[in-house]
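Beneath this line is the structure, given in structure tokens, with notes to follow.
Order of writing sets the labels: A, B, C, D and E. Residues in every chain begin at 1.
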């Protein structure tokens, strides 16, 4: 994730950051401009279409569909952002529950229980770091894929690490309860935090392994492609050579929105805008160590 | 469900996947193009309407209504996607609760309680698989239908299987409590997971048996139909033979959105975009077996 | 509620179902078309306005306002649908809680407690059916009305039946607790379901007795009325006799959205699209009987 | 709050209710029409601008901005409505929790505990009525204002009444627990309702004392003002004297949306559309008396 | 935060408050107007472009993109407002939980436990004030930044103050439990409020340290910049010198929305529209003192 100052307009407008869609799309925009120039040559110099040509009226199709395409892109933007923000919320919740569990365990365990204290000081932040590792794995992304993945076979037979860690933590708490070191009321008080770990893991897995339905993804890309590809037909006549930058700019806007949405809809990857899970896991480690001390 | 890489634009644009609406709509698009050609012949060659004809101005109606139709399609898209995503969330929650229940039961039951351990190792994933089966059934979709369905009579008298399984699990936990094998505090700690199963089942049934109100469904389809059917009148004059692909493309866009919405608003069917419930149930089985071991 | 197959386009487009807005609006559409014809006669034959008349430019007002009217109708559609869906969720929650309560009671009560078992087998589904009856009543709709309703006087002094049933159920559970037939931990486990009944009843009453603010309802209707009434002025000139079906169609679209919204914003009435509360109550009865058996 | 029948179109369109924005805006609309007439005189008769004047093209600015203004008004409408509906939900929740608390207390307290029963019969509805009073007070609206309000000084030193009532109720329940009249499990069962009162009070205070950010409020009003003030420049030329009613109508539409939003964003005032808190409080009183009887 | 009366239109329209975007943008608007004047001179007097120039048609690009830019600004506005409102909700929740904790502690602790009562009277409001201080700190904003910040080094090694306070409060409650001054059931009843503090702190930190993804921020600013910079090309021809105020006004509208969104998306800063955390913390102090007295 890139931390930035949103009020610094100058940098935003004139620098070309690595994560900037203008940089990523540059070759494609150049291609579209070239295509537009070919159409222009054909229409103006080969077929010599004039202002009264029917081709010029294709623009009315673009106007009618411009609402639909804007709406679709907003739908895409909203759902992608919601997934990203939900992922962030889940990790925020992991931070909260790790802290609360540490605060509670620290109060409940007597000072002399060094072995148990030390266990929790390690195990709580361990959950965050194995979860980060688990979410980066390709096998997690493909967990719901019904087709065979022979290349991932060895992983398929291995165990689910976050579940193992959650299980160890719960067993330890239950042991403390059975040994009478924490009482029943305290077990109930610890329950929320204990079950939250697995809930958070499951929610992150859901975001990771379920992209928006395939049909929408196909449809939006096909729609943008046809929409931009037909723009030069009418613009060549009404705008002349100005059609080239204009079509390039429209393509930049539409494709950028789709491109950013693709990047942020899986917030657990390694893209520039993705969540800094390792940083968060190390923050959890630091805070838990401060609390259980 | 189809697992895919959203960044592979080339495939999306040029291949025609089985779930692609362009493929499904191809015959209808052809029909619309033919209809458009007929209108064109009538207007241009039989009635010989010119540029000044009033018919050409019908396009102003399409412009005024293009906002309304876009908004409606976005409403349709949003509600359909929300239902699909809520269905996914419910199954994600089933995964979480199955895991948490397994983790808790595993800690609470002594190692020697082989019979009880074995019961839960089977019963927890059983819930997921009977729920998947239950949601695929036609009788579930029609559960709120007030008209008679003589063809489903035999099913109507049968019992609600997920409820039976949930009841068995709860009875077993209560038995453990009454035998003193788990204590009262532990019963309270298990309660969340136990009641979640029936809540999830009910939420999935709700999505399955309650489509968006009939009136909206009728209205949207009628509106798209009239809208597209009147397009050629004005476009024939302003666009000439170009009206044929233009109307075809507009129909493709509008009908695709409705078609995808229809498919995903019931995420528990057997369509390409529907949720892979059997895969999820088998994942739950694998993970529970890992935990209770 | 009408259960339907959303993929059957042909039926949707060509049949005129009782709940179809086209059928309900038919007389009004005819009236608007007649009004439009009168305007047309006046403008074209009495005042003989030509293409250069200022009246023709009124269309620019309609274009500017077409965004606002679309947005408003979508706001209306969204809020109405949200209320309908929230109502459905509440009843879904009633189903879940009835089932869960039955499952828990069935496990906790010994087999020989026939009287208590029989009480719950009757009382749980009774709540659903008295709630259905309560929500159908006119007095429930007017519960927040500050004006006097002498015609409903007798009802005003009667008791709130769902509260009475919820109270009976809670008293029975408390009695079981005090007699030692269920223990304290079990009472805590039952608490969620017990308090959910009154929460559901209150949420349904809220939807029933609080329509969207009066000002919005007035404003949307006035706006649609003026918008459609001024359409023929400019369309008569640009479209000639074609203005009649065009204005009729625009009115059909705008009024349909408002009409459907009116119908579904109160999901507990007796309209075609309203929730099948009696069917749901009888489903609850069937499932509870299966569980407590 | 005004209770109405949403299906009665005739009344909505032709009567001018006190809460109707058309009535409230009438003088302003007249003023705008007069301003428009002045502009018209200047342009047509003093400066004698013709169809080819650049002034006529200002309309393209209005078209470009018409999307932005519609979107903004919808944002305004949505946030205002959400606040109003959240306020309604909070009071609905107060109704539910009052009823549930009464149901539980009634079951748990023995019949002979007349003093305690009588306390709760009075104290539960008392909370609703002091909350209604608290939310009507000007000091509640200004609770977060950092500037000095010497005119409210005496109020500032007084106590927070709803907190006092909530405190009394909790003390009484705790007393019952310490006297052994309710057991620990029952205390836990009562906890949800007890803490909900203060949560509801806080949520209502939040809605009351935090309007949408000042900057949005200023910007929307400035934007509507400039937008409408510049409309007559171009409309005077294209529409002639028809510009007067057209500009008036556009102003009516835009200003109405802002006006309704202002009224409903604080649902706890004394406006026509505000929530009938006193009616709700008296309903709670009636229902609690029925239950605890 | 500025407390204001939303119904006072006159002030809103004609005064220029410090937080008014018109005031902040004034120099930029002047710059844009100057740029527009240069373009105008070039087109009209140097290149002498006429009405038939292709440049004039660039306006069709602006029309097509006006939907997209409006949608994007609304997306921006909605997400910024949601963050601001979520921040407000979190602090509202802090108020509620502080009050509830005070009410419960006050009932549970005997009157003679002066030391404990005094501890909670200080510690509960202390949490709010250290949280306010924590959220104002620059180190909190940069908590997820993966780059080095040598200038903040000393802060990095210091402890997380809100966690320390939450830990102290929980330890004290646990001590009361172990000394038998509160019972197990009462500990369970206190648990919700105790764990809410850390949850609220985490949620506020999330809003503070995670702005909307960098890519969106860059894209929206670049898009507005290019959009406004290309407007004068076509407007110079169609509007003449009127293009200068028109372009200035369009820039004011688009940039204002972005500017307000930037300001409110971090509700915990020191901007005019930000939340009055110190005022809220002092209100909590006052109310807790009233309750525990």
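By definition in this document, a residue touches a chain if its C-beta (ideal position, glycine included) is under 8 Å from a C-beta of that chain, and two chains touch if they have at least 3 such contacts.
Just so we're clear, the structure is a prediction, and the values are computed from it rather than from any experiment.
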So which chains count as neighbours of both chain C and chain D? none
Could you work out how far the Cα centre of chain D sits from that of chain E, in whole Å? 22
Report the inter-chain centroid distance for chain A and chain C in whole angstrom, where each centroid is the mean of the CA atoms. 36
Which positions in chain E touch two or more other chains at once? 63, 67, 70-71, 74, 184-185, 188
Chain contact graph: line, ring, star, complete or other? ring
What is the sequence of chains around the ring when one begins at chain C and proceeds first to chain D? C, D, E, A, B
With touch defined as at the start, can you tell me which chain A residues reach chain E in the complex? 1-4, 6-7, 9, 12-13, 17, 19-22, 59, 62-63, 66-67, 69-71, 73-74, 77-78, 81, 84, 88-89, 92-93, 95-96, 99-100, 103-104, 106-108, 183-186, 188-189, 192-193, 235, 238-242, 246, 249-250, 253-254, 256-257, 260, 263-264, 272-273, 276, 279-280, 283, 287, 290-291
Residue ranges of chain B in contact with chain C within the complex: 54-55, 57-58, 60-61, 63-65, 67-68, 70-72, 74-75, 79, 141-147, 159-160, 163-164, 166-167, 170-171, 173-174, 177, 184-185, 187-188, 191, 195, 198-199, 201-203, 205-206, 209-219, 221-223, 225-226, 230, 262, 265
